[in-house]
Structures are given as structure tokens and as C-alpha cells.
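Listed next: structures, encoded as C-alpha cells.
Both complexes below contain subunit A, partnered by subunit B and then by subunit C.
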Partner chain A sequence: MTKAVRDRPRGTALARRVTGHVVRGLVMIWVVATISFVIIREIPGDPVQGMYESLLQKGMSPDQAERATAVLYGFLPTGSLWDQYVGYMWSLLHFDLGRSLSTPGVAVTSLIGSAARWTVLPVLAGTLLSFLLGVIMGVYAAIKRSGKLGDLLALSGSLLHGIPVYVIGLLLTAIFTTLWPILPSGGPVDVAFVPGLNAGYIGSLIHHAVLPVVTYTLASYGGWILAMKSNVVAVLGDDFILAAELRGLKRGIVFRYLARNAILPLFTILALSIGMLFGGSIFIEEIFNYPGLGLLLVNSISTRDYALMGGTFLVITVGIVVANIVADLLYTAIDPRVRSGEAA
Partner chain B sequence: MKRLAAIAALASIATATACGSTGQENAGQGGIYTTIDGDKQINASAPINPFNPVGSVFDGYNGMALAWPKNDPIDPNQFYPAIARSWTSSPDQSEVVIHLQPNARWSDGKPVTSEDIRVSIGLAYTQGGTAYALDPKAAGAAATIQVVDPTTIRITQGANKSNTFLSNLLSTVVVPAHVYGSLLPRDFWQKLKLAQDGKGKPAERAKTEITGLADKVIGFAPRQDVSAGPFVLERINPGAALLKRNPYFYDSKLIGPDKVELLNYTGNQQIWNYLIAGKLDNAPFTSVPSAVLDRIRAVKGSQVIKGFSPVSTSLAFNQARKPYDNVHVRRALAYLIDRAQVTKIAAPEGGTPSLTTSGIHAEAAKVWLGSAFSGLDPYRLDPAKAAAELKAAGMTRRGNKWALPDGKPWKVEIHVPASFSDWISAAKSISSQLTDHGVDATVVTAADYTLYLSELAAGKYDVGFWLMGLGPSPYNIYQRLYGQANGWQMFGGRLEHVAPGTEGNWMGGPETVDVTGAGRVDPGALTSRLSFASAGEQKQIVGTLAKVSNEQLPVIQLWDYVNTQFVNTSRYTGFPPDDSEALRLSSGVWMQLGMIRKRQA
Partner chain C sequence: MTRDSAAPEVRIRDLTVVYKTPAGELPAVSGVSLTLNPGTITGVVGESGSGKSTLALSLLNAVQPPGRIAAGSVEIDGLGDVLHLGGEDLRRTRGRKVGYVFQAAQSSLNPLKTIGKQLLDLGRSHDVDDLRALVADAKALLARMGLDGARVLDSHQHELSGGMRQRVGIMLALVLNAQVVVLDEPTTALDMITQATILRIIREVHEERALTTLVITHDVGAVAEVADDLAVMYGGRVVEHGPITEVLGTPRHPYTQGLIRAIPRLSGDISLARALPGRPPTLGTLPVAGCVFRERCDKRMEICETVEPETVTHDGRTVACHAVGRPAPVKRREYA
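Let's look at the complex of A and B:
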């Protein structure tokens, strides 16, 4: 029997598996889009009145405030809920998320696109950095669990895991922007630099990303280290580790056995975390005035920008659904037990 | 191979960054003036278009109007010249002639002409608004726009006159005809005439076509900024906007800084951080707690400028609900609230306790009412008077609590939006004071301001916080108390009073009331007259409405706002002094007025 013939059933099974995931994902996206459409329109509050009163609060004269808000009336969603739903779904099929109410004249896709780049980079960097640190430190914490280093690492994980992200963010802001002002307190990049591949602009980007990335890393590091430590401790008791040690295998090889098996469940969480990053990190973006998707979502809710709210929810949903599919396929790829089960 | 590719990519980036400049363009000797735009947050996705509410056009910098309003307590028609160098108006404002700055130029070098103003007005019609209403019955709508010569334009007012016509005209945003002109169809002015003067379907069709242009105008995105202001947008990102000098600005010699950086913010806390870090040369009015204010004051060069702000905060009643339909109950509550205490807790820097309830900010009320102001009941803290009023309303005292006339417990729920910390503090203070005097009061918060306003308008609250005294126009001031929120609305050019609980009437006050010395009056009708009455009649009406408000208490005026501006004199000097008429305008306008100079070393 040739290799190609041998591989055919496995390839077919994989294709069937992927197709199933995609179909389920599409159904999930439709369900979430429908639910979010209904919920969003049931939120009480008139956005135009809200904007008008907010402008008055800022000291704008009623005439000025009226002029500023009047222009928005033409963009309020009209028609029955069903008509709006049909229109929304039709637009979705054409990848059109509509136009923003809070940023009139601008397409929601354009707003989400520009916010996404400010979310993906710092959150992705923070997620990967915390994962890397958490996994490495988790292994050490498990191996050295009866020593002081192990206790210290576990304690650091528990502590950081227990502190809310906004507390870490505010603390870092107070320390590095007020007490010892070496980092910028807000914004994604200094506007004085011409955007492009120049040292000043790139340096400014990194300079502004330090605090959000560090905050995100510290906030999620605790979870990774505790999960990894627990997994490693569980694997350490497995027979194959004992067998490897009895066979006199090198420590490096035993460590690899250990890490590969302990890290498996964390990969799923990592894939989901990466999917979740499309939701941004509301607190971090709010504290550091980082104009990402989380901040966009919060602002869209406060201004009752239905189209933008729906669009942002949808992007988050798609991110999570895709991450789920990727996590499942990744698990298949890295865990031989799943592969063999599939082949059988 | 992969490693080689990675090394090559890194080397390319390193070379590119090393060979490239630092990317920073130096400002000249005037330096970079750093501030924030208090009216809107920066939205880098929005077009550079003043008709877009979040557009990247900033008043006084790259956004220009015909003139800038002065902070006059009673006259809304007081302005500083801007693109309009001067103007004349007939006594009833039926005709206004505007003379433009002869040297005004756009940032691309082209002159600013009357045609630019005509196009700007045409575009303003697509957006609607007081002076540019398509409805011929609307008060204060412009009727004809005539270009007299390249720097003179004459505008007449329609049949229904408004005494704020001049003010609304001068507030017109000015855009270049050579950039925005194509947005108006060739037959726009004929269509406008048909919409305003025509009848039947053709007129309606013309109106629809003109308002249908609004979408196109708002979404219009010029490729680059063309400004007649002292600055022009150089670059924008979600964190800040950078503006550089417009070399063609008509009064360029008055402008000190070379560049202006407008920082973005997500909330007040970020503005406080900027101020504490000494980053801002000026920050417009921001609500600040005392502890934060002390830290801001401690920053080198930090100063606070204060002046008149025509806004007041009040506790408003839904008079359609018992027992607040009874004026004695409202008066009793007024006698039980120590406004000084409330203000001290809620707005120690940004407000002064209201001297009484007149419907008007005290500064303006003194000018409007003269000696009559001191004749109003000040409603000083007086539990004995409160008790007498409650008894007059039929309320009974059961143990240490007041009860409703039918013996049921009286519970006062004070509603506030969760996002307004000063209002929440005030509500808690009031609740505590009322509880001390035997009135069972609690504070209920709404999730956000939008929800709060929606529920307030739906008549769901008995008692809630409400902005009032929005001057300087007396019509705007009393519109907050005797306008749509209290049942008076214009239907087809006729004023009508709708029943409480309908059409946004949540205040639920009576259509007519008896007032000492004035007999039975209709406050809504009087308010409506304020929009076209002569100066003498306005004064008389304001006197009557102040008395109505003082006797009937549809609201209890709590504190009058103080415009509190923060400036830092480390880098620039020449900021406006306390109580300056320019205080509520942007730093860009201050620069146009010859203020703000670079500090000399």
C-alpha cells in the first residue's frame, strides 16, 4: 500500500473535521450576530439627546450644541426591528457593517480596522510575553516546589493573579508617569514624529507601548504560571516520567517530555486568549488612552452607536470562533493521542 | 535559510531606521503649544471637515467662524471679529451686513471671499439649524443671501424674527468654496428658494433634496486641510493632533506658537494626569476634586483662571407625581437643603452656591433683575419654615419621619447618572440632609447619562438633576424650565402645551400659574416671546419668569457653575485674566486676539 493511499482516510477525516468546524462556526456567528442585534436595539437611551446634554454640560451654548447634534438625526436607524434585521443581515453578507453614528460618515469597518492595529500589537505582545514567562516560571515553580524559589514564584503568580488589571495599570501609571516620569501616560505614538520607517517613529511606538504591554503581561502572567505549575506537578507523577528517569535519560530529555505534556492544555487557552484579544483590554486601553477595540466598544455603548456596537461584537465573536477552530486543530497537530483517535 | 532571511530582514530594518531621519520636525522659536479640545475627543478616522461633529477641525485653530462669541452674561449678540472684520445690523436684525477681513487667505494662498461665505451658508442649510431652517415659519431663519462685493455679504431675516439672528449668523462655520463648493448642486439656490417660498409638493421635494445632502456633506473628506485659521492640520493620530502655522493667516503677527499639539483624552482623569505632569499649557474647564486640584496647583507655573459660566445645576421635580405636584412640598424641600454645603462637597472649585432659584445664573440674574433680585425668596436653610410648608401640604409627622397626607411613608428618590461624580456627591449630601430632617431620602443612579435622560424624559423619576440657566440668551435660559421638558412645544409655528407624560413633558407643571404682582401667566408663552421681544420687553418678561420660578419652584437651583481654566505659564504667558470675556473660547482664539506669547528666557 502506497503512502498516498494510507494518508487518504486521515486527510478526508481532517477535511471533514475542518468543514464541520467552519459550519458550526458560521452558525455560531449568525446566532451571536442575531442576539447582539436584538440586545443592542433594546438598550434604552436616546443617543442624540445624550450628546446634546453632554455638550451643554461642557458649557457649549444650546444653539451650538443643537447644531452639533442636529446633524446626527439623519443617521438614526429607522424602520421596524425586522426591517432593520433583514437590512443588517444583508449588509453582513456583503461584509458591510454599516456606518457609525458617533463618527458620522465613516464606515464601521474602517473604525474597527484602525482600532484593531492598536489592540492587536500590544495585547498580542502582552499575551505571548506573559505566556512565555508564565510557562517557564511555572515549570521552575513546579520542579523547585519544595524550595524557596518555587514558593516565591508561586506567590508572585498568586499575587498578580489576584490584583485586578486596572489596579496594576493605575499603579504603573502613578509610578512611571508621575513619580518617576520616564514613560508617556497616554496615546499610542507621539504625533511629532512623521509616521514611517524611521527611528523616531518606531522608538515612539515602542515607548508608548511599554506600559500597556507590561500591564497586560503582569495581569495575565499569574494565570499562566499557576496553571503551568499545576500541570507540571500532575505530569511529574505520571509513569512515563518515572520510566524515563529509571532509564537514565538525560535531564534535558526528561524536561522536554515534561514540558510537552504539561503545556498541552495551555495551548488551548493561549489560542482562545489570542482570539479574545480582538475584544481588546478595556481597562488597559482606558487607562493608557490606547485607542484599541476595547475602548471603541465602550465608546460605542455610551453613544448608543448601534452599528459600531454590532460590528465590534461581531469581530470579537469571529475572533473567538476562529480561535476555537485553530485551538482544536492545533491540539490535533500537537497531541498524537488525538490524532490516533481520529484515525481510528 | 530561515535564519538567514530573518537576519536579512532585521538588517534591512536597522539600516532603514539608521539611514532615515528621526522623523521629528522641529518647531521654530515659537515652540509647540500643548492643550486639549474640551468640546470633543480626537478621532483620527474622522474627516477634516467642520460639518462632521467629530471631524478633525478644531475651533480657533484650523476651524474658523465668522466671529467668536464673547462671554457676556446677558447679550448673546456680543462677538469678537474673526473672518468677519465688522458687521452692521438693523435694530430688529432684519438685515445684517458682514464685512470680511480684507487680508484673509486660505492656507493654500487663495483669498477668503464672500463666495466662500455663501457656499458655507448653503452647506449649513443642508444641516439645518436656527438661522438656516428650511421651514419658512421657523423663527430667525435667513431669507436672502446676497454677495455685495468680494468682501461684503448681506443677509436678511425671514418674516418670523428672532433677536438671536445676528448671533446665529456670526457663528457660521466658514469653509473654502474651492474645496466644498462641488457638494452643492448647480441649482442649489433655486431649490432653496423653492423650499423656502414655494408651496405644495415641489417645495416639499426641494426640502427633501436639500436635507438629503446632509449625509454627503458630513461624510466629505478633503484630502488635506485648507484652513483660514491661524493653524492648519499637519498630522493626526488617535493620541493627538498636530497643527502648524498657516502662513497666510490674516493676523499672523499675533500668533505666538509655531505649532499646536492637541492631546486626546478618554476621561477627566487623563486630563488631570497631563496637568500634574505639567504637560499642558492650557486645559479648558474640567471638573476636578480638591485633592487633585492641590496637586495641579503645586506644579511649577500652574495657575487657575476663573470666570462666568452660564450654566447652573438644579434638582428638578416631576410635578405630575405626588406629592411634588404640591408647591408647598417643593418649597419645604428648598428650605431643607443647605446649598452651600452641597456645593462645598460637590463642586468646591467649579461652582458657587445659588443665591436663590430664579432660573438664571446669579451673575446674569443680577444684571437682568437689578434690585428685584434681592426681593426673591432666598430659601435659606430653615427647618421651621419647611415644617410649616409640609403641614400646609397636608403632610404629617409620624415619629421622626414625615408621611404623605394619606399616612403612607414618604420616600424621596433622587436620581442621578452614575457617570457624573459631582452630581452623585450632591445627591448624597442632599439625601443626608433631608434624612436628618425627617424626610426619608435615597439616591438612585442610572447606568449612564444617555439612559438617565431617556428615563427622565419618560417621566420615570420623581426628582432628578437637571442643567439650567443656559445663557446668555434669555430664551435659552427659560426654555430649560418652560420648554419641551415642561410641555410647551411649537407645532406648525404655533405654541401648544401638551399633557404631562406625553411628547417629552416630564416636568408636568401647570400651563398657567398665579404670580404675585403679575396675576395669572403662561410661562411657556412668555418664554416663547423672549425669542423675538425687544430688549425692554425681554427685561420685563425675565422679571416675571424669575418670579414664577422663585414662587413655583419647578426646580431648586443648587449651584451656579464657575468656568475654571488651567494654564501653565512655564512656556507661554499672556493668558486671559479672570472674568475675561474670552475665557470660554479656545486657546486658538486667544492667540487670534493677541494673547499667548512665548515666555522669554
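Let's look at the complex of A and C:
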């Protein structure tokens, strides 16, 4: 009976929590969309107006120019700011982000969609790989912290954490494409292969992904190992670990107690960095000429493609907001202290 | 439940534990010999830093680095010298043969697992075949201590109060039928009522299960309620040891006398309670030669400067003091 009584409020609390998160997330996305709309409208040298005027100068009638601009941006360039805003929000609700300027006529959503393919998988692989590696090495570095190997591991973490990602990328490029040319220097895939589920194409994909993934892994590994090491050292000092040893628990069980408690805070960071991966990694994509979201953002800025810029920002925002929600729910699932509503 | 009721005797002999510090290895426990009579509760009192927790950990050969057991032996009937155990043998001894109730029992539980799951971890670690029986034993023990066993086993640590956690700690130390139980500050940080309850439980379970129990505390009042014997520690030495009524009634060592004088009376003038002069020694300020207590002692003699007093046993009591041996100074009999 006690169980049922305690479970019911727990269930509603979870539902309330999820609803609260979703509502807050939507508000956040709306705020970012509004800001990017206002910026694009109010920026000096208004690109929408500029477009409209250049079309007029090309001899279009005001009507035609207005329609052409509307097609490009997804909202009316004339009318009151409020009308335009409503129009913009309306198309947003239909997942329409307007059309790109730099690749005229192409929907921003499809540009982002194709770029996302090249970002999400490599960055996801890099993030998970570096997380796994960093966590395992971090535990090891913490346990062996008074020995040479522990020092060495911690040092490797600090060092890699301190080296900028583009330096790592350039070094790896120099080593593996010039000194010892076993890997391709750029691009996502060899154009010689027919896209599809054939061994050659997939092999080429993997071959090309090695350097970006390794670079990303090395660049974020330092942070993971340092964070995990300090968490493990902190938990090692907790009374319940000594208590578990004094109760004669098996080493494996004590280790699980240790690892689970130490890894807990890292899950939040992991969820957030997976959210960030929608922003791509600008440096890595630049260096390896990988047509991902980072490169798309850079290109949209350099060509003043405001529709694309706004769209990319919005996708990054959505990624981060969703990741935040996932992180919080994940924490709820794995930390009983949060689950029952007590601050951890 | 029937158990073989022969409670084991615990013999600590010449135990020395040193801590590695920048100033070299300093002794936290030096040359302590102490016998825990089978079936008794022995209290150990002393100020912070007197080495009592280190002594308690030694019973499980669990002195934590930078500490190290430098010499001595801890013999437990049926186990031999615990200090010679290592690896799996030592692990199996801990929990199964020697139960340990942790100093900060408030935080001695894994925050991420329910008490029940941690109980199962304990059972699996010690190869308990019948885990159902283990759970039933645990529930019975918890009920014995006034808790709803089923509810407690289903809870996480943060859902329990301090007193409940302390009882869970005691349950985990007893559930595998350990016959030697070490309680390190079992009532610190608990309110007076909970303290009294815990002490009563300790006494009852001790008698029911025929245990040999060691209770570490800095609270003379608490230990007086449960212990049969009392050992007083100062500067890493046991300066006095004997039946508790005698040690508290006619304290012989000047430190014990001072300790008792420092307790304020419920009835009477609080100004009658006199704190010991000076500060408790730390590892670094401990005198190298002579009596460790002489700086704060009102019976200081010349010999105290150079010669460490030997522990002398007569009529069942052990005292390490140069001033004792003459007629015991029994000044304040009213405290008996």
C-alpha cells in the first residue's frame, strides 16, 4: 500500500516536469526565432530591403519584386514589421525557413538537412568515442593517481585539453596525408563511388571520416578525462566507498558504486555536447572540407545569406534546447535524489 | 535463532600505527595493548586525534593511507591475527566476521541504490546462498530497532532520517552474524532521544547475539550507558583501562580524572565543570620522550620528562602513569 501511495505523486511529478520542460523549450525557441527575425530585419543595410530594391532596379515591377523577395525569404518584405513577423512565424510553424540566397531558390531546410548528414554522424561518433575513452582513462588516472601512469594520463588530458582543435587537426593532416599519406586530406567521400549501400562507397565514407572523427575525439578527450578523474577522486573520498570496503563488498561491486557515482555529473555534459553537435565543429569542417553544419554556417555568414544564417541558428538552438531537456530527464532517470524532488 | 554463543576474545598487542607526514612518519597509535573480553562492550574514549578511530580501523586491518600499521598484532579468536590477512581473506572477514558501523553512518550508504539492493550486494559479496532469508533477517533486525523493514529496504539513503540511517548501518554490520562489532562514534550528530534509542539498541542486540563489541566515542556520558569496560586514550596510548564503573568511579590516571571533571553536572553549578588545561596534542606536537600527557598534567614529576610510563595492571585495571602506584588519589568521590 505504501508503494502505491508513494508512486502516484511520483508519476504526476514526472509528467509535470516533462510538460514544464517542453513548454520552456518552446518558449526558448520562440525567443531565439524572434531575435533572429528582428536582427535580420533591423540590421543596417537590410538584406531584404536590399534585395527588393535591387530587383526594382533590375526593372521588375514593385509587385513582382515583392513576390520574388517573398519567395526567397519566406516572408513579405513590405507591410508592417508585425505583419511580416506573423508571416515568418506562420511559415516557421510549417517548418519553412525560407530560401537560401547564396544557393538561390533552394529551401534552407533542405540545405540544412543535407549538411546535417555530414555533421551529426562524425561528431556523434567523435563525442561518444572521446567520452568512452576519457571516462575509462579518467577512472584509471584517478585510481593510479599516485603512480607514474596516472600522472602521465592526467598530463595527456591537460595537454590535449590545452591544444586548440585546429592545431590538432592540422597536425594530423600533416602527418597522415603528407608525411605518411594513408588517409584522404579532405571531402566527405570519394566521388568515384556511386552513392548507395555498396562496400566501396561506405568504405570511402569511413576512410574520409577517420581524420575528422579522430581530431574531434582527441580535442574533447582531454576534458572528459580531467572531469572524470576529479569526479572519481572526489567519490573515492566519500565515506560510503570506505564503508562498502569495510563491509567486505567485492571489488567489482565497490568499483560499480564508485563509477556510477562519479559518472553521473558527466551525463549532463554529454547530453549538452551532443546538443551542441548540431552547430557542427567549424574548425574541423573547415580543415577537412567536410560539408557539415559548421561549414554551412560559416559560408552563410561570409555570403550574408541571412535566411540560411537564421535557419542554422534556429537548428542549433533547437538542438541545444532538446539536449537540455534530455539531460534533465536523463538525470531524473538515473539519480534517485532528483527523482523524488530533493535537490541533489 | 540459535548461534554458537561463544563470543570471541580480541587481543590487541603492541599496536603501532604511523601516518606519513611531511615531517616523517608520526605515530597515531603507539604500542597499544588492549583486550576485549568475550561478550563485553568495551568503550574507548578520547579527544579528537587521540587515535581512537585509527585503533578501530586497525581491527579490520583497514588503516587508510597515508597511515600504516607499523607493528603489533590484532588477534581475534577463530580468525588469528587480522593484520596478517590480506586480499580475499581480509575482504571475507570484513562484514562477515567483524562488523563495522561507520563513523559517519549518515553517509555510509551508496546514494544511488536502495537499501535493499545494497543489502543484496552485501549478501552476494559474502556468498550468501539464501538471499530471501538474508532479507528476512534484515527486516527482523530493522523491526527490532523500531523501523518498518520493508519500507526502509525500499528506500534510498536520502529518504531516511539520520537516526534511521544509523540503524541501517547497524543492521548491515549485524545481518551477516558478525561476532565482533566495531562502532565508531555511533551516536555523533544525532539528537539526544535518538542517541538514547541507538545506545539501547546496541546494548540489547549485543546481549541477544553474544557479541564482542567495541564502541568508540568522545562522549563519556554515552559510553557510560552501554559499556562494561572503558579504555581511555590519550596521544595514541591507552592510559587507563578497566571495568567502567571503576574507571569512572575512581579514576586513577590524571587525564581520566580531568576528563571526568570536565563534564558539567545536570544538578549543580556549571562552573564546577573544569576544562582540561591546554590543548589535545596533534601528531606533530606529541612529545617524543617521556609521558605524552605531562604538559597538561597537575601531577607532573621529573621522571615524566624523560621516561614514558609503563602500563601497570593491578586489581583488574591498567594505568600508565608515574604518579599512580602510590595510594590512588581519589579526590572527588561524589562522581561515583
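Just so it is clear, the second predicted complex is superposed on the first by the 286 of 344 C-alpha atoms of A that agree within 3 Å, B and C clash if a C-alpha of one lies under 4 Å from a C-alpha of the other, contacts with A are read in each partner's own complex, and residues count from 1 in each chain.
Here, a contact is a pair of C-beta atoms (placed from the backbone, for glycine too) under 8 Å apart; a residue touches a chain by one contact, two chains touch by 3 or more.
This structure is a prediction, so every number in the text was calculated from the model and none was measured.
Asks: Could you look at A:N261 and tell me whether it touches subunit B, subunit C, both or neither (first, second, both, neither)?
Replies: second
Asks: Touching A:T173 in the superposition: subunit B (first), subunit C (second), both, neither?
Replies: first
Asks: Once the shared chain is lined up, is A:G87 touching subunit B (first), subunit C (second), both, or neither of them?
Replies: neither
Asks: If we overlay the two complexes on their shared chain A, which of subunit B and subunit C does A:E245 touch? Say first, second, both or neither.
Replies: second
Asks: Can you tell me whether subunit B or subunit C touches more residues on subunit A?
Replies: B
Asks: Which partner does A:D335 reach: the first (subunit B), the second (subunit C), both, or neither?
Replies: second
Asks: Looking at the overlay, what does A:P164 touch: subunit B (first), subunit C (second), both, or neither?
Replies: Neither partner.
Asks: Enumerate the contact residues on subunit A facing subunit C in the complex.
Replies: Residues in contact with subunit C: 2-3, 238-240, 242-251, 253, 257, 260-261, 264, 334-337, 340, 342.
Asks: For subunit B, which residues are in contact with subunit A within the complex?
Replies: Result: residues 13, 16-18, 20-25, 32, 38-39, 43-47, 49, 51-54, 69, 76, 127-130, 164, 167-168, 171, 211, 214-215, 218-221, 235-242, 261, 263-267, 270, 273-274, 276-277, 285, 309-311, 420, 448-451, 453-455, 457, 467, 470, 472-473, 476, 479, 561, 563, 584 of subunit B touch subunit A.
Asks: Once bound in the complex, which stretches of subunit C touch subunit A?
Replies: 60, 62, 64, 91-96, 100, 102-105, 107-114, 121-122, 124-126, 150-151, 154, 156, 158-159, 169, 172-173
Asks: Could you pull out which subunit A residues touch subunit B in their complex?
Replies: On the subunit A side, the touching residues are 43-47, 49-51, 53-64, 66-72, 74-75, 102-106, 110-111, 114, 118, 173, 177-178, 181, 185-202, 208, 285-286, 289, 291, 295, 302-304.
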